[in-house]
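Written below as structure tokens is the structure these notes are about.
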Amino acid sequence: MKKRHLILLVVTVLLLSLSLSAYAKVKVEFWHGLGGHTGSHILQQFIDDFNASQDEVEVVAVYQGNYDDTLNKYRLAVQAGTPPHLVHVYEIGTRLMIDLDSSVSLQPFLDRGDLELDYMVENVLSYYTIDGQLYSMPFNTSNPIIYYNKDMFREAGLDPEKPPVTFEEFREYAKLMTGDGKYGFGNYAYGWYFEQLMAVQNAEYVNNGNGRLGTATEATFNSEAGVRILQWFADMMADGSYLHTGRDSGALRSAFVSGNVGMRLGSTGGLASTMADIGDRFEMGVAFLPVPEGMERGGVIIGGGSIWMAKGHPEEEIEAAWKFLKHLTSPESTAYWHVNTGYFPIDRRAMELDEVKALHEEFPHFRTAIDQLEASQVTPATQGAVIGVFPEARQAVEVAIEQVVLGLATPQEALDEAAAEVTAAIRRYNIQSGN
Amino acid sequence: MRRKRIRSKGMRSLLEALLYLAPALIILIVFVFYPLIRSFYLSLFETNFMGQPIFFNGIEHYKTLIRSTRFWNSLRTTGLYTIYTVPVALSLAIPIALLGNLRIRGITFYRTVFICTIAVSTSISSIIWTWMFFPTTGVVNDIIGMIGIAPKRWLQDPSVALFAVAIATIWKGMGLNVLFLLAGLQGIPEELVEAARIDGANGWNVFWNITLPILSPTIFFLVVVGTIDAFRSFAPVHIMTRGGPLRSTTVLVYSIYQDAFINFNFGFASAQAITLFLIILALTLIQFRYAERSVHYQ
Amino acid sequence: MMHRSLLRKVLTHALIIALCVVILLPLYVAITTSLKQPSDVFARPHKWIPNPIHWQNYKNAFSYVPLGRFLLNSVVQSMMVTTMVMFSSALAAYAFSYIEFPGKRPLFLLILATLMVSGEVTIIPNFLTIQRLGWVDTYWGLTVPFFAGAFGIFLLRQFFLQLPRELYDAAVVDGCGRFRYLFEVIIPLSRSALGTLGVYTYLSTWNQYFWPLIVTNSTQMRTVQIGISMLRDAEGDAWHIIMAGVVSVTLPAIILFLIFQKQLVRGIVGGAVKG
């Protein structure tokens, strides 16, 4: 009796495995740059769920180092003729990826009516649409916001429900919260915030419509708008209310969540984890980025990354990869990302889902970034610059910020130097890419 | 006739030598010399994003390099970093090794502590020290605060950042340095020290005239490996400061990394690499010519 | 007199203990941080003793990243490189110290010149070579480029040169071949130099970051250093979990070190040849 059972079992298992191999799933390799909890837990869970939900595609997600590392690995793999199917690239790598000419445009897939992007948030779609083509699928999308410590607001006699709206108010509040080893404003030299504060003023970073109307040839961020940002930093430095934490976001985060810093700029992508780090030490608020007084608000540029599909794979695998990309943009998927991280729900229908509604009810913080992006005008300035040397440009701007906060140069001098450097880099890039 | 014999003898010995050299030579040719030649070739070109040559540029990259203050700065930073992590580290490690060589109670335990950082890797020590150097929540500032020193911006202030990065490296390298120095100290004959003592030599005399000469091969070895490591140092800078603030920690290897892997300017990166190679070549030759002579071998 | 020597003893101990505290502090900080609950990590003033103890961090670190597998890969990688470097260096050093052949000096200097060539320079051509050999994502790709190096050749040559020569001449005349002489006489006499080379090679291989990242594609082939970077999160580091990872990979290394400490020192002191 027992033996019979055993044989039956073996036969069943054999049959099952045979039938499974007949329906072997198409493997799709996906390289990404998300480390820590976000990559190892939230993304992995998402992939596992997708793999379990259907029996055609098996996505294998592999972490390949941070964004820079991932891009390098991809570049080498392309050169070696062995790219993965999908690769996750930061937003500022968009121009370079197009010029590498190693990926498939997504436009043909969209044109065959496979996926409706009518509900995708316009700013997101327009960031990745260059020359009328969508090259890559928006993935983790973030925005900068002000994070602030409501307890410190109260101690300084400020209304915690009225965060600063203008640069001037911001400086004023920062001053009020400073003292006793605490700082009103904490910041690290990060080019992304500078880009955002340019967009807030509706100012362009490079010429030719931020590189969207034609190939950019010159950096223009050393304009009045740019100087205004660094002057604002310098003023707060002079007030003694500015804590500079170098190039390290971690040091700033530690200062903020430990309650030593009243306000900081930060990405929405870190919202959930920041709240976890604070615990019940203090009450945190979030707000729109400030605007210089008397200026009409331009808007913010999206940040984060998108997913590119590499050339040179068999049709069947390309289709499988496309299936995953489609899944990525569903309302449920974008809701999952939003709820777990604070990244943006890029499909507007996600807002109607219960889990998102419940989250916003409990933590209105998650709502702020969405409102801020919706309040943004869509202009070349807020669509974001398109240049191939963005990482290099960021470095140059970061050095300029450091020079100013360390009191080694005036904002104008520092930005002129950075702009000259970036212009030279753009020229070199244009030669390299044959543009 | 005779010359012919000599030549054939030479050929035979060359063949035999090559047999012994083959494993090392094959690896070195494929993975060191070939890439070096390739880099030199690329340094004469403008390259595309794949690091492939697009047009001949002559010595243009080298000209830019010589003129660039940034290059000279990163060279200076590399030199300074080497000074921090080699002579400074060794002058800390030698007294510690001497303490570890004392015959006192509990010395086995103490010795183990002195050496234990050998088990810590470079990136891990960089991560731990980054955390300890945090400006507002880091324990380093907490501790110096206890003894009344004002908090420092370790990794944010360009005047101390390189030193702070070096502290992590010195800490991590302490284990290896002390381990080898302790091993070197085992080689000191007891009788010699006793005899010197009887002759009235004090501790300082003994150290200077007996200990140091006997340790000299060990110190020479540690200077060589320390310098190699300092010139190749990438992880500490990458993890702790990303070359900032104000490029104050951008050592040459990091600058090469940035140009090749962030800016995709491979021709220029290659020119820097070749220049670095030539500088090191010159230094190595000088170092070995002089240092080798002054080292005391038993 | 008695009094003075006692004072001296106390002072020595005090100095040594202070040193130990300084050296152990970073490890202490790593361990305590790894045991804190998330909301205590950034608490002010600093919490020197974690309370409550939060073991969950370790569970999380291991669930994020297969640290055990990474440790194994690192050990295999370091062992392979160490063994091969010792082998290739001994052979080459032997040729450079015992055989007279044309072109010896220039060849030696040429090799010496590569002593400090950094990996960033050679990485792209080397990756393409490894790719052509089909070794991407294998132990071969991870290790073969490091199977020989100028440092080992240099170190052993220096050592071989100090060994007494009389034996050699006698042995070669004796008909004991050169090859046998290397294995039967030189290598046993050179245990200390080989030990030194071994320790240094093992450690520098263990520390590699960039090459293993470039040449491995799958999580299964990753090494410890990359594993730790996988715990970092661009949107905000969870330091308690990073430190749990740090401790998890450092502790085995420290324990290994404690076990083999004696052998390690003996290996370096070796059968100390007094020439």
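Which chain is which? They are A, B and C, in the order written, and residues in each are numbered from 1.
Note that in this section contacts are C-beta pairs under 8 Å (C-beta built on N, C-alpha and C of every residue); 3 or more make two chains touch, one makes a residue touch a chain.
Nothing here was measured: the structure is a model prediction, and the numbers come from that model.
**Student:** How is the touch graph of the chains shaped: line, ring, star, complete or other?
**Tutor:** complete
**Student:** By number of C-beta pairs in contact, which chain pair leads?
**Tutor:** Of all chain pairs, the one joined by the most C-beta contacts is B-C.
**Student:** Could you grab the centroid distance between subunit A and subunit C? Build each centroid from C-alpha atoms only and quote it in angstrom.
**Tutor:** Inter-chain centre distance comes to 38 Å.
**Student:** At what distance in angstrom does the C-alpha mean of subunit C lie from that of subunit B?
**Tutor:** Averaging C-alpha atoms per chain gives centres 14 Å apart.
**Student:** Would you please write down the residue numbers of subunit C that are in contact with two or more other chains?
**Tutor:** 42, 44, 124, 229, 239, 242
**Student:** Mind pulling the residue numbers of subunit B that touch at least two other chains?
**Tutor:** Each of 51, 131, 136-137, 261 in subunit B touches at least two other chains.
**Student:** By residue number and range, which residues of subunit A touch two or more other chains?
**Tutor:** Only 72, 79, 250, 254, 258, 260 qualify.
**Student:** Applying the document's contact rule, which stretches of subunit A touch subunit C when the two form their complex?
**Tutor:** Interface residues on subunit A, with respect to subunit C: 33-41, 62-67, 69, 72-73, 76-77, 79-80, 82, 84, 142, 249-250, 253-254, 257-260, 267, 269-270, 273-274, 276-281, 341.
**Student:** Write out the stretch or stretches of subunit C touching subunit B in their complex.
**Tutor:** Listed in rising order, the residues of subunit C that touch subunit B are 9, 12-13, 15-16, 19-20, 23-27, 29-30, 33, 42, 44-46, 87-89, 91-92, 94-95, 99-104, 107, 109, 111-122, 124-126, 129, 144-151, 153, 155, 162, 178, 192, 196, 199-200, 203-204, 206-207, 209-210, 224-225, 228-229, 239, 242-243, 246, 249-250, 253-254, 256-258, 261, 264-265, 268-269, 272, 274-275.
**Student:** Taking the touch rule as given, give the residues of subunit B at its contact with subunit A in the complex, in rising order.
**Tutor:** Interface residues on subunit B, with respect to subunit A: 46-51, 54, 130-131, 133-138, 153, 155-158, 161, 241-242, 244-247, 258, 261-265.
**Student:** Under the touch definition given earlier, write down the residues of subunit B that touch subunit C in their complex.
**Tutor:** Touch residues, subunit B against subunit C: 10, 13-14, 16-18, 20-28, 30-36, 38-39, 51, 96, 99, 102, 104, 106, 110, 112-125, 127-129, 131-132, 136-137, 139, 142, 171, 174, 176, 179-180, 182-183, 186-187, 221, 224-225, 227-229, 231-232, 234-235, 253, 256-257, 260-261, 266, 270, 273, 276-277, 280-281, 284-285, 288, 297-298.
**Student:** Contact residues on subunit C for subunit A in the complex?
**Tutor:** 38-39, 41-44, 60, 63-65, 124, 127-128, 131, 136, 213-214, 217-219, 226, 229-239, 241-242
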